[in-house]
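Pasting in a structure now, in structure tokens, and then I'll have a few things to ask.
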Amino acid sequence: MLWEVALQNLTSPPVLAFALGLLAVLIKSDLRLPEAVYQALSIYLLLGIGIKGGVALSQSSFDEIWLPIIGALILGILTPLLAFKGLGFMTKLDAVNRGAVAAHYGSTSLVTFTAALIFLEAQKIFVEGYVTTLLAILEIPGIIVGLMLASKGLGRSVNWGESLREVLTARSIVLLAGGLVLGVVTGVNGYERIEPFFGTMFTGVLTLFLLEMGIVAGRRIPDIKSAGIGLVGFSLGFPLLAGSLGVLTGHLTGMGIGGSAVLGVLTASASYIAAPAAVRLALPEASPGIYLTASLGITFPFNLIVGIPLLVSLSGLLEGLGL
Amino acid sequence: MLWEVALQNLTSPPVLAFALGLLAVLIKSDLRLPEAVYQALSIYLLLGIGIKGGVALSQSSFDEIWLPIIGALILGILTPLLAFKGLGFMTKLDAVNRGAVAAHYGSTSLVTFTAALIFLEAQKIFVEGYVTTLLAILEIPGIIVGLMLASKGLGRSVNWGESLREVLTARSIVLLAGGLVLGVVTGVNGYERIEPFFGTMFTGVLTLFLLEMGIVAGRRIPDIKSAGIGLVGFSLGFPLLAGSLGVLTGHLTGMGIGGSAVLGVLTASASYIAAPAAVRLALPEASPGIYLTASLGITFPFNLIVGIPLLVSLSGLLEGLGL
Amino acid sequence: MLWEVALQNLTSPPVLAFALGLLAVLIKSDLRLPEAVYQALSIYLLLGIGIKGGVALSQSSFDEIWLPIIGALILGILTPLLAFKGLGFMTKLDAVNRGAVAAHYGSTSLVTFTAALIFLEAQKIFVEGYVTTLLAILEIPGIIVGLMLASKGLGRSVNWGESLREVLTARSIVLLAGGLVLGVVTGVNGYERIEPFFGTMFTGVLTLFLLEMGIVAGRRIPDIKSAGIGLVGFSLGFPLLAGSLGVLTGHLTGMGIGGSAVLGVLTASASYIAAPAAVRLALPEASPGIYLTASLGITFPFNLIVGIPLLVSLSGLLEGLGL
Amino acid sequence: MNLKQRKLVTIVAEAALEQRLVRDLTTLGAKGYTITSAHGAGPRNQRNGDLEGGNIKVEIVVNNEVMGKVLEFLETNYFPHYACSCWVSAVEVLRDERY
Amino acid sequence: MNLKQRKLVTIVAEAALEQRLVRDLTTLGAKGYTITSAHGAGPRNQRNGDLEGGNIKVEIVVNNEVMGKVLEFLETNYFPHYACSCWVSAVEVLRDERY
Amino acid sequence: MNLKQRKLVTIVAEAALEQRLVRDLTTLGAKGYTITSAHGAGPRNQRNGDLEGGNIKVEIVVNNEVMGKVLEFLETNYFPHYACSCWVSAVEVLRDERY
């Protein structure tokens, strides 16, 4: 059963497109999406996810969402702390680089989130609409906690005001949060008009996007060798640990199988859009060769292929336990 | 009732996306659509509008359209003359800059037009299909009249042949007029195959486009302060005046509520694609800081938010009066 | 009847968009799709065609496809040989340039193929799903044969390993072949989710793409004059000859009217994406002014307008003859 | 190696001027040009560019005579009206017959 | 023709730095700048750029004094941390008051 | 400030050549390169570029020795066959060990 589910995930067009992208790098093809198109696709995905989340949120009652929101907030602070500690055990990285990696795992990956939604939809498992709100909530705190942890290792003082402004006004945040508000305000009626574009097209556009992500991730492969066994272990083990914690939190705060699984995936996933941008600007001393290799080169494909089906199964299991 | 209508307009995804774009500028986010994507979206919108208009035109009889076409032609000549005069009263601009602004208000704004169509569709008000023909007709004469008015203030002679060639072969005109012909020739049957792309997707794509328009308009805000109260007054008042004239012309030439309202919106709107390009090339002495601020920074959002619902209501009112 | 069919082809949106592109060049408009968008559209088309072909292939049995595949392979080797010989008769080109042109006619044109599919769909003629496999198979051998023919005329030795690698890892091949595999693996179920994007949108996107192709082809028009009557004759005559051979092969290998017509169009069409890229790199001595003018400036529009309806009619005729 | 002296003239201007500028430069004797898309700001900064494609950067490698003509022409026809920057540097080329 | 000497400072850096770099250069006295999108590789090559828009190439035409300040500033604030290249060449301009 | 002399070699070529050109330049000793997309026309102007992405402009900052090798290599392997322009100018750099 788990195997069947995993296979269905593996043979979905987005995951296959990701594999095609990896392959294109391996055979040294010059295939690449133009930069402008990559940008456009991410704008589409971020805004679309935001809007859909907002519309769903406008249908939710405060009663059902306040507990999950608090759960997400706690996870947003806890995850980077755990990651920082874990990296201390498993690697020899200094505090700056550990903080940088923690910022990535504290934040979330939009595409992993989306892949989980598509996976659950294919499984016909209901997902609470407000999970996108949780995505938006989980996006930022982890980055800030990570930056704070790293700053302890810095020989200089950090301009927190500037860094916070940069984190909060980053393209991805503006689109996601702005989309959420847009969705809440326009509601089901307004959304109807743009559903063909932002809804029906979504999986197709994501497929194209994952082709490019495969190429980008593929280019990280050489770096994995130099990453060290400790970092690789972390990038594979931490998502499962943090993800389980997320699934558990989901059930404890009253979400169903689908919502809890998504919260698990969010916790398990590592950011590679918002966090790298923020870390690069606020923490130039940290090495992208470390944090991008971990989050994008290892954890992202791992979650896409292994993490999602596993966490969904775990969520089903916990539900069966009456949680 | 008018309030309800206005609210529905305000909470439609395209208008909200425009607001999001404005906001992104205010908070100094680096959000921007890549140039290539902005170009692609305008090509899509212009060609799509043209094709749809052409298909509708192929369904119209000459009997019903000749009067509105003559009406539109008269408006196309009258509007820039009125604007030129009005600017003489309200501002201290020289003839060159007045002519440049007049060229913009004499021409039309595709996006305002489209927003009006979407607004009317949401109101379930019928719109004559040939209004896109009127859009295409109104696009050019106003620019030429504006340039002629401005040329009187110039110390040099104008190369009219060159200027006319540049106006007539500009991207936007080729796409709009070409799309119209394409639509007429391919007809309903041919259109069916591309309807999912040019029809069903339209509002969604427009939403993305308006996000960018919001950003562009937002960057004009600092210029509004230096524009002077006279120009601001003109940019707010003239659309209402010219728009009312357009609505009236619509009713007098036999159009219904929807068509007359659209003709009003066309007259009220100021160009910010075709006209700026033409004026910049033919009339470099005029200041973009003046004409773009008026047309794009003030009139465009004003029409989007206030002008459209107002002119639709006026059209309903006139219909009620038996016009 | 043939005339009616041709007219329907001529008034289809993609062909009209191509004409609009030509016209835009003639009137010296600055209309152009941005490079990044052109790239994105070709990626979309190639991947989409590949996926759809793969899905169809996953529905086909080996029994029905092995003969057509062998037929296509033979055509892929025969066509460039015929073209090389034919050019020897009709033009004064040296072996290098003849080989270069042969490589183009030995390969195929994705857009011509797609236009044929759309044409047949509009005619409600059934087309075997595996024709896309034939497209992929016909893409490469012709290029290699052409290069080999040309190399005999070179004063230097050719780095075949490098050239083959470049041909096989070219963007277009990776997308087409990758798409095929993706389609086979994901099957009907997986495809369902991305059908709105890669299927329903297809004709619309193709229309936009052909607008750009019209512009590119239009810019080749001045070169046609300097091409010489022999090359022009070849570019018009060879597609009909090779196309007829293709249609015949289709019927002989057991395909129906639709499939045979498509195989004819594939054989008739000349590559202008994969082949030029490969020839430019492996055979810089050959003149793009010759091979691009023939394949893109003459044969492409000829097939789009005349070749497709003619070959479809021929296929119907042969079917009538009981072939 | 046989390197010859030429001048590289770089012109940054509004993208809308591309067709005109290319025509003018060719007429003045430039045997080639290279264009890249750009954006920027300058002291004049009164631009239209937001909507119509930002700036273009045009580079031409020319001899001294053509350089002179180009600068003169820009001074009369472009500088007064358009957002336009221009600078010149010394370069060396092989195949001097091409430039 | 009245050509004046200036310096063209070319800076290639990660695209994410655009806003900062522009602000810093303007503060240091550059009266204008021109930016083009670029990609590339260098000896450091430890970049983030894959995901966030590759590199930008910033060009500023400035006088010697501003050039000095800019180079010093880069040396302190950019070179140690960021993927960043910089080179300077001599150029000539008309309208020297603009640069 | 401790500025060192280097050469900036600018190569404009068909975009399809990117992979090859980068490989060749690196082999010849360039420690880095910066690429921007471009389009243009020249005296040869027999191009393929329309369909395959126009031109690229490759810039490398190198020492005199590498410059010599690069020019020689271009002369033998690129100039005869491809649409390709090249010019060289003098630049100054900090951190000369990088170039």
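First chain written, first letter: the chains are A, B, C, D, E and F, and each begins at residue 1.
Simple rule for what comes next: contacts are C-beta pairs under 8 Å (C-beta built on N, C-alpha and C of every residue); 3 or more make two chains touch, one makes a residue touch a chain.
Remember, it's a predicted structure, so these values are computed and weren't measured experimentally.
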{"item": "Chain whose average C-alpha position is farthest from chain B's own", "value": "F"}
{"item": "Chain located farthest away, centre of chain C as origin (C-alpha)", "value": "E"}
{"item": "Contact-richer chain pair [A-E vs A-B]", "value": "A-B"}
{"item": "Between chain C and chain F, centroid-to-centroid distance (C-alpha), Å", "value": "35"}
{"item": "Chain B and chain E: spacing of chain centres that average the CA atoms, whole Å", "value": "40"}
{"item": "Where chain C touches two or more other chains, by residue", "value": "30, 34-37, 39, 196, 201"}
{"item": "Multi-chain contact sites of chain E, meaning residues that touch two or more partners", "value": "36-37, 89-90"}
{"item": "Complex interface listing, chain E residues touching chain D", "value": "1, 3, 6, 8, 22, 31-37, 61, 89-95, 98-99"}
{"item": "Sites on chain B touched by chain A in the complex", "value": "11-13, 16-17, 20, 23-24, 27-31, 33-37, 118, 122, 196, 200-201, 203-205, 207-208, 211"}
{"item": "Chain E-touching residues of chain A, taken from the complex the two chains share", "value": "35, 39, 216, 219, 272-273, 276-277, 280-281, 284-285, 287-289, 292, 296"}
{"item": "Chain D contact footprint on chain F (complex, rising order)", "value": "10, 12, 36-44, 55, 57, 68, 71-72, 74-75, 79, 85-90"}
{"item": "Residue ranges of chain C in contact with chain A within the complex", "value": "34-37, 39-40, 43-44, 47, 51, 165, 168-171, 174-175, 178-179, 181-182, 185-187, 190-191, 193-198, 201"}
